[in-house]
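Each chain carries a letter (A, B, C, D, E and F) given by its place in the written order, and its residues are counted from 1.
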Amino acid sequence: MRILVTNCNTTEAMTKEIEAGARAAASPGTEILARTPLWGPESAEGWLDSFLSAAAVLDLLHGLDEPFDALVMAGFGEHGREGARELLDVPVVDITEAAAHLACLLGRRYGVVTTLDRTCGLIEDSLHGAGVAQNCVGVLGAGLGVLELSDDRRTESALLTAGRRARDAGAEVLVLGCAGMTGLDRRISAMLDIPVIDGVAAAVRLAESLVALDLKTSRAGSYARPLPKTRLWPRNSSSTCDAHDRK
Amino acid sequence: MRILVTNCNTTEAMTKEIEAGARAAASPGTEILARTPLWGPESAEGWLDSFLSAAAVLDLLHGLDEPFDALVMAGFGEHGREGARELLDVPVVDITEAAAHLACLLGRRYGVVTTLDRTCGLIEDSLHGAGVAQNCVGVLGAGLGVLELSDDRRTESALLTAGRRARDAGAEVLVLGCAGMTGLDRRISAMLDIPVIDGVAAAVRLAESLVALDLKTSRAGSYARPLPKTRLWPRNSSSTCDAHDRK
Amino acid sequence: MRILVTNCNTTEAMTKEIEAGARAAASPGTEILARTPLWGPESAEGWLDSFLSAAAVLDLLHGLDEPFDALVMAGFGEHGREGARELLDVPVVDITEAAAHLACLLGRRYGVVTTLDRTCGLIEDSLHGAGVAQNCVGVLGAGLGVLELSDDRRTESALLTAGRRARDAGAEVLVLGCAGMTGLDRRISAMLDIPVIDGVAAAVRLAESLVALDLKTSRAGSYARPLPKTRLWPRNSSSTCDAHDRK
Amino acid sequence: MRILVTNCNTTEAMTKEIEAGARAAASPGTEILARTPLWGPESAEGWLDSFLSAAAVLDLLHGLDEPFDALVMAGFGEHGREGARELLDVPVVDITEAAAHLACLLGRRYGVVTTLDRTCGLIEDSLHGAGVAQNCVGVLGAGLGVLELSDDRRTESALLTAGRRARDAGAEVLVLGCAGMTGLDRRISAMLDIPVIDGVAAAVRLAESLVALDLKTSRAGSYARPLPKTRLWPRNSSSTCDAHDRK
Amino acid sequence: MRILVTNCNTTEAMTKEIEAGARAAASPGTEILARTPLWGPESAEGWLDSFLSAAAVLDLLHGLDEPFDALVMAGFGEHGREGARELLDVPVVDITEAAAHLACLLGRRYGVVTTLDRTCGLIEDSLHGAGVAQNCVGVLGAGLGVLELSDDRRTESALLTAGRRARDAGAEVLVLGCAGMTGLDRRISAMLDIPVIDGVAAAVRLAESLVALDLKTSRAGSYARPLPKTRLWPRNSSSTCDAHDRK
Amino acid sequence: MRILVTNCNTTEAMTKEIEAGARAAASPGTEILARTPLWGPESAEGWLDSFLSAAAVLDLLHGLDEPFDALVMAGFGEHGREGARELLDVPVVDITEAAAHLACLLGRRYGVVTTLDRTCGLIEDSLHGAGVAQNCVGVLGAGLGVLELSDDRRTESALLTAGRRARDAGAEVLVLGCAGMTGLDRRISAMLDIPVIDGVAAAVRLAESLVALDLKTSRAGSYARPLPKTRLWPRNSSSTCDAHDRK
């Protein structure tokens, strides 16, 4: 089985980290393919970035030739998930929802610790759209930008502080709300003594499960195949028309 | 006062219609400026189109030189609203929320009639995000694609059928859920004997109100100014880096 | 266009203030007509006062001869709104809902700062009824009675304290929850650096918008015209019967 | 123990019926005292009537000299309940909430059958305010005005039709949503083979329970005693000032 | 009238206390019959205990020969209520829901103070299932195990501390969330100056009300009579088959 | 990895079917161990059965000596899940929640088709407790008892009818709401042309995922280890005391 993992931003180093995290979580026999969008923000922190990221990832997917069995979208709270479900014939799992689904299985209430306060609303909306917001006691910012996460010590300290606030608010399980936090889950878990979930790992396992059970995105209703029409895709918008979708 | 109106799709004829509708609704002294995105779908019907549209409209806004006092986003249910709020220093009103706000003032429950069933979920989510979903009894598809709306007779008949279903479900007010339906509101209203709201008109008036009261988007929290960072904007993604946002 | 503004209490001085606020917010060409109920509480602070106020305002409206194009009800959280919608053929906008509608356009979450804690529940219910409670993070009392608001310095200080609590709770926009606070919005906004909305101003602009768009209260369902029947109106309850409503 | 029952409208014959229903439901030793408001609508059907009724009943209570141990408010969906809680030192139970509370004990979901469709929203809001709306599957109008209920045969037939619709919608228990339906509960129950609750009977028993357990309305927060202030009560609004409340 | 009260745990001393509380609350002429399950936990603190308790109480009810007119289930938050409704032909009232129903009549918001934090979620779910969770501001643990409640002084102090937190969170009425707290309600109420409700007393009165009004559990839908089938009841699980339910 | 699967009822034949379904869904290398409770109902259809089943399964788990890495609870809508989480140190996944989690990944809305109408409420509550009810458009009964499912033809026909109703209500994905329906998912899916999820298969894969990611039930809060205390377990309730839990 081959799982494509898309980073939501243009930072290659982060794609590498995500790829490593995905590989560590995957079953033996699962191949991980990680890709970076060709345009968009270097990190996604807020709605402007998120909407650029969504289109950039869809643009990337639209141009891909390689076959894959499932897509994992590695952008915590970032948009695009439903569009990918329309575009692709394989299952799509986003790391936001994936982490929340597993969190619900491990405790009665969970919390999310993310980067900056400005992204909390975005994540709340993403959880709501995915249908798993009910048992979330809160999404808390750790006061760190996405690209500051490379400072491991500072990140760990900030996550611990935010994680304690989530626990005090009733979280029995913690979700790490950024693809760039991959790898920190076990250390935070040990320190706070509650399960901590990394979205990339969760999404890889859920994607594998869907493929194994031969379950695909429903084409009835919301995620029907895109209607054939003229779409000017951003990467070649100078051309007059892209009839690629007309089938 | 000058209000910029952005179409969500690349169909110029629809931009013209929206512009005319906006002008008809505007106060004397308000100048309407309508713009079409440079890329994206020719019509937005579903999440894939909507996410492309969101980025295309943000891309358009990012490249604009002209001054304006408020933005009206003419795409019913389409994404992008929150990103525009971050990007711009002027008020942003999207026609989805605008129509719903006015609908709440005219009846205890309202309904939305839109084009295809596949877009209903998108609109429900948009109303929820805007905080005005509670009194909505349903979003109903009329079975017509966006570009089929030019057939007036068929459109009117389809809207009447869907409008009656909404009324039977408890809607006391009807919202026309597509920018391309502008102009049909009064006829449908007369036939169904309930108020019918056109989102473009509603949004223009709300935008004027915000400007007149000197109210601007909050910069505290969700819609803070975009962080300065490298963003590769789609229109010039071949260039290495766009430092435009770094201030 | 002529907009009638009704105060919810019998204090004429407050009617004058509300009238001035309404005028300052109105478009050129809009005439403001302010009226005080003939009976009821001198200030509305709680359900008892609110229910008396609702009937007193309806009683006033029932007895009015003057023509007007829209009604603005200036009582934050006070009852009566839906009754006025049944009674009148012109649009009705209450300052509670009006402020909330505009607040939703300016930030992802808003908060309300009002007078006494005892009125908070009333306001919460009013927002819920109007369909705009979802994005409200809280209604907070400032610890001041309605008639104490004339002490500007104390009022400002109390509003700032409560406003900071609202902001800490996630409010990105603030609503001033009392008609008697009209005029303080800009100062509080400057001090807290978030948009602050005055309900009277918001309601006047929304009422103008509805009139301009020729939108009227729906008569289908909840706000149908009152059934003809014997109603003993309070002002002449010693008379045997008032057949005024029988048409 | 002495329970005061207030009718919400001015129709004496209905007060008599309510009184009889209350007596039939009361424990031995409970005295029932029924009163009619001095002004207001002859029947309450909609918000205008309901707000007049609320003030008229509060006006009545304000002027009462007789002692009583609890108040039962007999107006299904009518306003005023919270105001009476502020005004009185004895427990207050409204028939809307009372019926719903007992209904929740008898089935997983309940439905309400009321008079006209125009009053359904009012009842929904009243149930929501009382905190018991969650398990209600719907409030359905039977197409009969309050004063048409005296035609027993027609009423029974209309209630059966509406009751069947409620049952089909999932109602396992039925609430009769009008004080004027008192007495029909057992017949409808026998015909539909589900429990049917009369609000007057339910409220009398709940009021007795609160008195027996020495439980009184909380004075902490919402239902604190009315603030002393000038209130012009409607019945003597020609007088200059009523300082009755100043203690 | 004869009301059966079941303790949820096997501690006889607690059954005695519950019995005394029930008697003190009952009307003259009501006979109280208290029973202890034959197996299960000595105190119920969490889901494991609660599920054992539910089956043990149902097992007890299944084996009972004595006639009774209503059942009161004395286990705060414990499961079983809906099963008893299926099993018995008489009304069933559980002390959790009973306390909440009365609390809703006395204040706009209520809070629950219980034993250990680990039981709070259980109680929240029970209130939700009963349809009365909406107006609950929180369920708070007092940090005391069920069997520690016999230390009156420590219990009182812990309940006061938790009660103050509930009041600060907006509770206008307090519910004592454990059958073992029966008798403390008046003292806590006097100290906190808000109404405090004991679930056993509330349930006894509600059960009496249902019996007096001849209201029984609905057999339509959820609580239909158990289907006849082979059930191996735990007390005689060594036997091959119990056809008791086959009728 | 070894996964224990517990049937919720005493019917061995159904345990065999569930075991076969679990095996078919498991990864290579996963060992499936299926067990039947020693007492309880032969099929679970309603709350009485469900509460008996919950205790019987917990009783079974309490007495088990064999090691296993995760528990799958095969009873659709049946109680017990949270108790097992307290009791065991390994992850617990119930088939109800498992199916819903996967359904959320495949469509915007899902529906559940189950056996008898009387069990629908039970399932709704179970989905709500698990935090995944939001996107469920309805739980529909197919009019078949659990033990009638062995008639394949009748079952298929009944499921198709109910499945079409769910699809018409907006379900884009279908969940088979009974462990006894295992194996029918693909045929129903082919006929209705939407994804159909079998809870046993979903739960096995989710359990494997949790084990693979080394995620365990949180011990902070709700699912802390059971307190040591005297519990009389049903299977040896004639003995005086079971101190097994005291450690």
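Criterion: a contact is a pair of C-beta atoms (placed from the backbone, for glycine too) under 8 Å apart; a residue touches a chain by one contact, two chains touch by 3 or more.
The shown structure was predicted, so the numbers you read here are calculated from the model rather than taken from an experiment.
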Mutual neighbours - chains that touch chain A and chain B alike: none
For A-B, which listed pair, C-D, A-F or D-E, repeats its interface with over half of the contact pairs the same? C-D
Validating interface symmetry: for the copies chain E and chain F, is the fraction of residue numbers used by both over half? Same or different. same
Whole-Å gap separating chain B and chain F, where each centre is the average of the chain's CA atoms: 44
Averaging over Cα atoms per chain, report the distance between chain B and chain C in Å. 28
Counting only Cα atoms for the centres, state how far chain A is from chain D in Å. 52
Give the residues of chain D that touch two or more other chains, as numbers and ranges in rising order. 82, 108-109, 121, 128, 221-223
Category of the chain touch graph - line, ring, star, complete, other: ring
Within their complex, chain F touches chain A through residues 25, 27, 82, 91-93, 97, 101-102, 104-109, 128, 130-135, 167, 170, 172-173, 186, 193-195, 197, 201-202, 205-206, 208-210, 212-223
Once bound in the complex, which stretches of chain F touch chain E? 10, 38-43, 45-52, 54-56, 58-59, 79-80, 82-83, 85-87, 117-118, 121-122, 125, 128-129, 145, 147, 221-224, 226-227, 229-235, 237
